[in-house]
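Please go over the structures that come below.
Both complexes shown next keep chain A, but they swap its partner, so chain B is in the first and chain C is in the second.
Let's look at the complex of A and B:
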């Protein structure tokens, strides 16, 4: 017998975006307020886990055909790439740069390469958590 | 590299080529290709005779590791030359003999000659090296090549046993010697043998390392030269092919120890400890070897024990000879006779023992056995071999007209003169020297007679022999014939060697007795007139004959000394019990249980930290710098304490997991309280994830396990209390001993100006100390991939199913 979990699914659909938005907020706010790549990544994967709880794993895999191992690798690449990029400007490894840039739509924006590094962290954390959960979850089936 | 270096290295180069020659010239016996080398070397070294005659030393240096004072210095002096001539001369004869002894198709000739050449080169290196480290290098190389040669027939159990035994004993000695060499270096600051010897002075005798260095060097020499009680490896080494026994275990390798003692005599010789150790051990070995040789039934065992005893004799002569160093100059070389005898007998022993081994090899080869109980009446079948064995054995027994007679007479002379030296209380104990020597000589006479008369006379027992005996081929006889003729020639012309070889060798052993261009004058003659030595020899012959004839009646004597206390038993017991002991010991503490390993780790942790704290008197509590304690802190602490204690007493695992979660969440509350929002957030999420994972583990536990409380164990309680106390004490002390201010002020000031951020934690994580973060995410990635592969790649498990 299949239980009807329509309430859960409906709620998930709404809550999911709030959580993801919150996590994205956490990620971007990290440099000024509590948050950052780590907790942001954990939050995002929390949202994905909720999705997996409400629906089943295969569906999620179909909707989000992401190989989280590759995501982990991309995250690591981001972190190392940002760090190594400093070498091109003849400064020590992992020297960050920041400044105000005039962007087409956003106007005068403060940009920081540390965000790119944090993005790497963010990806790795999502990749790692999801890989673990997916692997363990699929093993149980 | 000089020609001299090439001469030492040439056997190694030849050794490389042996397998090639063996492979491509299968029709010709490989030995023929080897034979020219030792002959060539022999003639090359002969050319040094004219130099050493005037006590000139040829020295060549090749730098190797100059920064450590190690160079390949080769020095040819009288003593070195004597040994090189023995090594190359007997080497040539042995190679020739082995060509006939080892079958072309039956044996692995390539390995045999490779090992033999390795050995020859190593031996040349030992006796010619002036640098002690290089000498040690070659010394160990002789041990190794000898190990290979003894184990040549490696499919035999006994060969392997003998090889292992000789290896263990000689390498033990070799390592001791290395220790001695290092001590010598500490004393003198050089590895150069010639420099060390020239540095000898009364102050060095007082040096606290002098005696240890001497004992270590002597241990090396005694083990190599099979001195009491390290002689036990030599009889077992007789499992080697006979050419090997003839070469290594009679003429060359076992004399490496003799060489070492002779070499170091100028340095250590004046010390009474040296005198007593060398001559005492030598005499003991002499007696013990000759005494035991009589009871052996295997021809090669007789020869092995006889070698042991003869080596002891040379050793004791060297010991006694060292006493001559106490006299400034010797007008009539009255006390140097012992040294002369040592060198002379060294040479003589190599000749007759080499030939005897070859004779025994022939008997073995032609009859198929070496057991004297099976052999008998071979005289008519093998007349030449019989003659050779008479020459060898009578020389060994010290009978005229063979060279053994001369050296034995000189041996007695040396021993008799010991009493007259007036040193080291010899007036009282010195009388023992000639007595022991005389008794040992009687036994020597007896076993020499056994060697001759048991196999060759008596009843011929064809039913016990595997083959029908017949005379050996001529090629096999050439080498022993050459050696045996030397035995006789030296008796009639003893002075042939004295000026050319013995005197220069003595000059190397006793250099302080010579001044300027002076040389020793050695005169050896067969007839001294009616002296005490002659009567001693007559006594030896008379008593020896009686003992030989009544042998069967007094053989019971050997039963007095119980087999249980034999040194072989001791050795075997030592090996076995050390294995058993280490096995038991390892089993005891490596019991495979993680619990006990953790107990070791934590116990050591506690004990070491507690001792450090106590020894350094480091425990302090300083309350001046403490923050006030609020209500919330107390409440949260209570929560954590209750949670932790409850975990210990929880009955089910589920309770434990939930309690653990509670503790984790309380910790995150603490973070909130102590104003660490990032930590609080992360802690909350991570705690949730880990509790979920614990629950997962719990869910998959096997069903049959009973849920029960943690069992109480006193050790665990004590250790956990210990660890907890230690950590608390250290934390308290560390907090009370803050020596420097925190560096956090820098971050506070620069977070915005330098890194354009306001969240200091995050700025530190990604900017100031981003390196750590980079590798932490790498750790996470590795963990994820690890979990993925552990779960997905269960190859072994799949196969089992």
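Let's look at the complex of A and C:
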């Protein structure tokens, strides 16, 4: 039986972007406020799950043609690469560098390599969560 | 409408670049100037001048808040009444709005005004099935409310 989900779908189209924006804000808030890669990734996958609840799987595949296993691998590579990058500078594994960089438009910005590590965590969390949900939720078509 | 708003923002940014000062106040002046220019040339666009829908949205919001307060008072009266003499029921309301977001806003407003609750949209998006707490004496006034909401929503997207 097919029901008419017009209200849920119209709501999703608006709410999805707000959730994604909030998850990005959470990701960048990790250094000074509560937040970080893990909760940001979970919230982004929450938005994607909402998309899956409102629309069917084929539409999701068309909107986001991402293989989430590969996304997990990329996230792990980010984390390992950030950790191994320290070895090039003759400092112990997982030593992070930080400092103030003068970017062309943004001006004086404080950057930290832990953000890249966090980005790896973010990707891994999205990848793992979405892989689990897609594997469970496949309707065998 | 969306094109006019983006044009207004574009004009405001252009104003900032001309003035060579990048603060919110310059942006605001640029926005105001662009608004006046767009108002003078409003017949040049196919859509209406974009402040009209904005005012219609504000009007809709005020009417909605008024309805929420009034119907909450009505619910309070019903709750405090010692005798139970309500006749709940479900009725179909044919709607004229067609766009997705219009149906979303209309059904949300019907649901948020107490006493009525949207339970289903028909498959061709032409009929809302509404559960009402008290059918006989309310049906007329409910239809009035719905007509007012629907009329105002149509006013926004005309």
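Going forward, the second predicted complex is superposed on the first by the 137 of 141 C-alpha atoms of A that agree within 3 Å, B and C clash if a C-alpha of one lies under 4 Å from a C-alpha of the other, contacts with A are read in each partner's own complex, and residues count from 1 in each chain.
Here is the rule we use: a contact is a pair of C-beta atoms (placed from the backbone, for glycine too) under 8 Å apart; a residue touches a chain by one contact, two chains touch by 3 or more.
Note that the structure is a prediction, hence the values are computed from the model and not measured.
Visitor: State whether A:42 touches chain B only (first), chain C only (second), both chains, or neither.
Guide: Touch partner of A:42: chain B, not chain C.
Visitor: Between chain B (first) and chain C (second), which does A:74 come into contact with in this model arrangement: first, second, both, or neither?
Guide: A:74 contacts neither chain B nor chain C.
Visitor: Mind working out whether A:7 is in touch with chain B, chain C, both or neither, as first, second, both or neither?
Guide: A:7 contacts chain C only, not chain B.
Visitor: Could you look at A:50 and tell me whether it touches chain B, chain C, both or neither (first, second, both, neither)?
Guide: The answer is neither, since A:50 touches no partner chain.
Visitor: Residue overlap on chain A between the chain B contact set and the chain C contact set?
Guide: None.
Visitor: Per the contact definition, I'd like the list of chain B residues that touch chain A in the complex.
Guide: Residues in contact with chain A: 677-678, 681-682, 685-686, 689, 693, 696, 755-759, 761-763, 765-767, 770-771, 773-774, 777-778, 780-781, 783-785, 787-788, 791-792.
Visitor: Of all residues in chain C, which touch chain A in the complex?
Guide: Those in contact with chain A are residues 100-101, 103-104, 107-108, 118, 120-123, 125.
Visitor: Touching residues of chain A toward chain B in the complex: what are they?
Guide: Those in contact with chain B are residues 26, 29-39, 42-43, 46, 68-69, 72-73, 75-76, 79-80, 83, 93-94, 96, 98, 110, 112, 114, 117-118, 120-121, 124-125, 127-129, 131-132, 135-136, 139.
Visitor: Help me check something: in the complex, which residues belonging to chain A touch chain C?
Guide: 2-4, 6-7, 9-11, 13
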